[in-house]
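Labels run A, B, C and D following the written order; every chain starts at residue 1.
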Amino acid sequence: MGKGRLEAFSDGVIAIIITIMVLELKVPEGATWQALQPIIPVFLSYMLSFVFIGIYWNNHHHLMHLVKHISAGIMWANLNLLFWLSLVPFATGWLGQNHFQPFPVALYAVLLDLCGVAYTILQITIERRHKDDLRLKDIMQRQRGKGMASLFLYTAAIPLAYINTTISGLLFITVAIIWFIPDKKIEKMVDGEIEK
Amino acid sequence: MGKGRLEAFSDGVIAIIITIMVLELKVPEGATWQALQPIIPVFLSYMLSFVFIGIYWNNHHHLMHLVKHISAGIMWANLNLLFWLSLVPFATGWLGQNHFQPFPVALYAVLLDLCGVAYTILQITIERRHKDDLRLKDIMQRQRGKGMASLFLYTAAIPLAYINTTISGLLFITVAIIWFIPDKKIEKMVDGEIEK
Amino acid sequence: MGKGRLEAFSDGVIAIIITIMVLELKVPEGATWQALQPIIPVFLSYMLSFVFIGIYWNNHHHLMHLVKHISAGIMWANLNLLFWLSLVPFATGWLGQNHFQPFPVALYAVLLDLCGVAYTILQITIERRHKDDLRLKDIMQRQRGKGMASLFLYTAAIPLAYINTTISGLLFITVAIIWFIPDKKIEKMVDGEIEK
Amino acid sequence: MGKGRLEAFSDGVIAIIITIMVLELKVPEGATWQALQPIIPVFLSYMLSFVFIGIYWNNHHHLMHLVKHISAGIMWANLNLLFWLSLVPFATGWLGQNHFQPFPVALYAVLLDLCGVAYTILQITIERRHKDDLRLKDIMQRQRGKGMASLFLYTAAIPLAYINTTISGLLFITVAIIWFIPDKKIEKMVDGEIEK
């Protein structure tokens, strides 16, 4: 019950975040191909952020799946995550409108880092309330490996943005690919719940 | 459970997409009939896209109704569909503000095509996970006929936009009418579920 | 199940409609009382529309409460209602920014009329699918009286806007008051369901 | 059932309110640190309002948890609360864009006061319908202490804004801290419900 509302509220906020980003794609004047060109970098940054927000929603879904107790701590750790995620549309718009210049790329990497840290805090808060749940612990350890790798790559992308923004971009895409590879074990656990 | 959140998240995103389109209807200066006239094409393009997004929501609803297992593949195929649908407000605004000129009409048709392809990918991904479910297979085959016709008409609308945009417009309306005709069999299946 | 998604989707769209209206309240430049004054009519029109959308949500809630079968017809009748409701933010913004001039007031009344007609169509569509449900019929007849009075008052407000917009405004407020008076019988029925 | 939709609708509206506030963070021109500086106060005001809306969602969640009967009065008291909360993005944007000048700070405090009063009205309306529910009464008395303190601090912040806005700001932060401290008893009650 309490968990249902937490999930529903998070789903709502994440759905709005992922969708209002498209408002940065301002309708250009003129019906020509040339009129569309300036918004191509905005479109690419939107695509990238859509994937990242999608990954967070996916992971949030798996994480919450086995949660049984909602405490005030979990509520606030969840709101903290949503706060940092809500800044992604701003950072994405800045990234796209400045055609991936070093500072916006670095700031985008910093924000992804902060989102990752907020997610880790949420994981730890949940873990503390569910010390005896071995399945939850297992799911978390599996997410943590990928999570640590993501944080490392985001952090590396910050200084690298000042050397070559393409390298930072490739690091972002690498993180996305890491999360795209499905974890068969998590899937089976989640699916097992449904089949029961 | 997992399915519930997938549906809720999709509903949220589709609800936002269908509603933020109305933001393209910018409040005009002046309280006269003349002040309203420039936004009539924007209004017509909004109406058209509202119907298309409505059709997608309706079909998504029927498709998900019989789904039992959610895999990572289904999650990503669903997010892929939502991504292309999220671009509809942009294409709609461009269409309306340029009074249905050839290039925006063609781009709109391309986007509807991409949404259709994304929907087909979602169908196939779901089908693979539910090989033994004959009812689901039946619903899908019924949707597929209409789906193929839609893709064909959208594709035809792309080059035809450069000959006469009215023809493309009529093709869009034809697709909408195809989907308006309810499939009695699908309805009975869905309703049967509720009555049980 | 099917009904749950219809309600959730409608709730989502209505929640967005009621909230994005506030975006018309543009943040003024300057931190003085004078800077706030031009947005007072926008604020008043927002308040009025918030109440109307709130009434629709409330009635939709009561109407759906007893629905058991969802048909394609109900789906489309519901989407039709949501379409006209989605235009309320636009009409509200136009009303407020033009300080309740005759034409925007008349257009606002026309839109409320169209929303009312769309709601009536939804009621009739639901009634046809539930011919034997006496409780549903009872709820509907109770709503219909108020509905007919509202449509009459909205329609009267259209020509009266050209004589005196204040009269139209008073008619709008009258409609709101009509719906504010709770129907004890509907409440008991809905509450009875919960207590069972 | 009726309660479920009330919660879902409120969650939707609150999720939209908390997220559209970020649209006030307009993407600046230029990819430099200087370009970001003007939006720092807007960011700070966003952070503050995010916390306040988060607190309201949290409290709303606890309040609704034990509600069993939904009356028309509760529906309207809830919509009244959502109305005042929906003005928070506007007041926040005005606060941030004017760098916390006295009048916007005072208006922000007035709005928080009005939200607090609306919440109290909702509490009283719910209490009247649940006279025999001792657990609900207990939760409410616990919230009321904090609620009264908040209203007192908001009211104090109004005149103090004209003496020193920093004091008002500190009062706002004090309110946030008051609510951050979790009430162990409420948590156990809510959690108890889940474990049952």
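Everything that follows uses one rule, which is that contacts are C-beta pairs under 8 Å (C-beta built on N, C-alpha and C of every residue); 3 or more make two chains touch, one makes a residue touch a chain.
None of the values given here were measured: they were computed from a predicted structure.
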Looking at Cα centroids only, farthest away from subunit B lies chain D
On C-alpha atoms only, rotate subunit A onto subunit D and read off the angle in steps of 5 degrees. 90
Same vs different contact residues, subunit A with subunit B, by half of numbers used: different
Per the C-alpha centroid definition, the whole-Å distance linking subunit C and subunit D comes out as 26
Could you put a whole-Å number on the gap between the CA centroids of subunit A and subunit C? 37
Using the touch rule from the top of the page, what residues of subunit A touch 2 or more other chains? 8, 12, 16, 20, 23
What residues on subunit D touch subunit A, complex-wise? 7-8, 11-12, 14-16, 18-20, 22-23, 25, 27-33, 36, 47, 50, 54, 57-58, 61, 65, 180, 182-183, 187, 190-191, 193-195
Could you please specify the touching residues of subunit A with respect to subunit D in the complex? 1-3, 5-6, 8-9, 12-13, 16-17, 20, 23-24, 68-73, 75-76, 79, 82-83, 86-87, 89-90, 93-94, 97-98, 101-104, 107
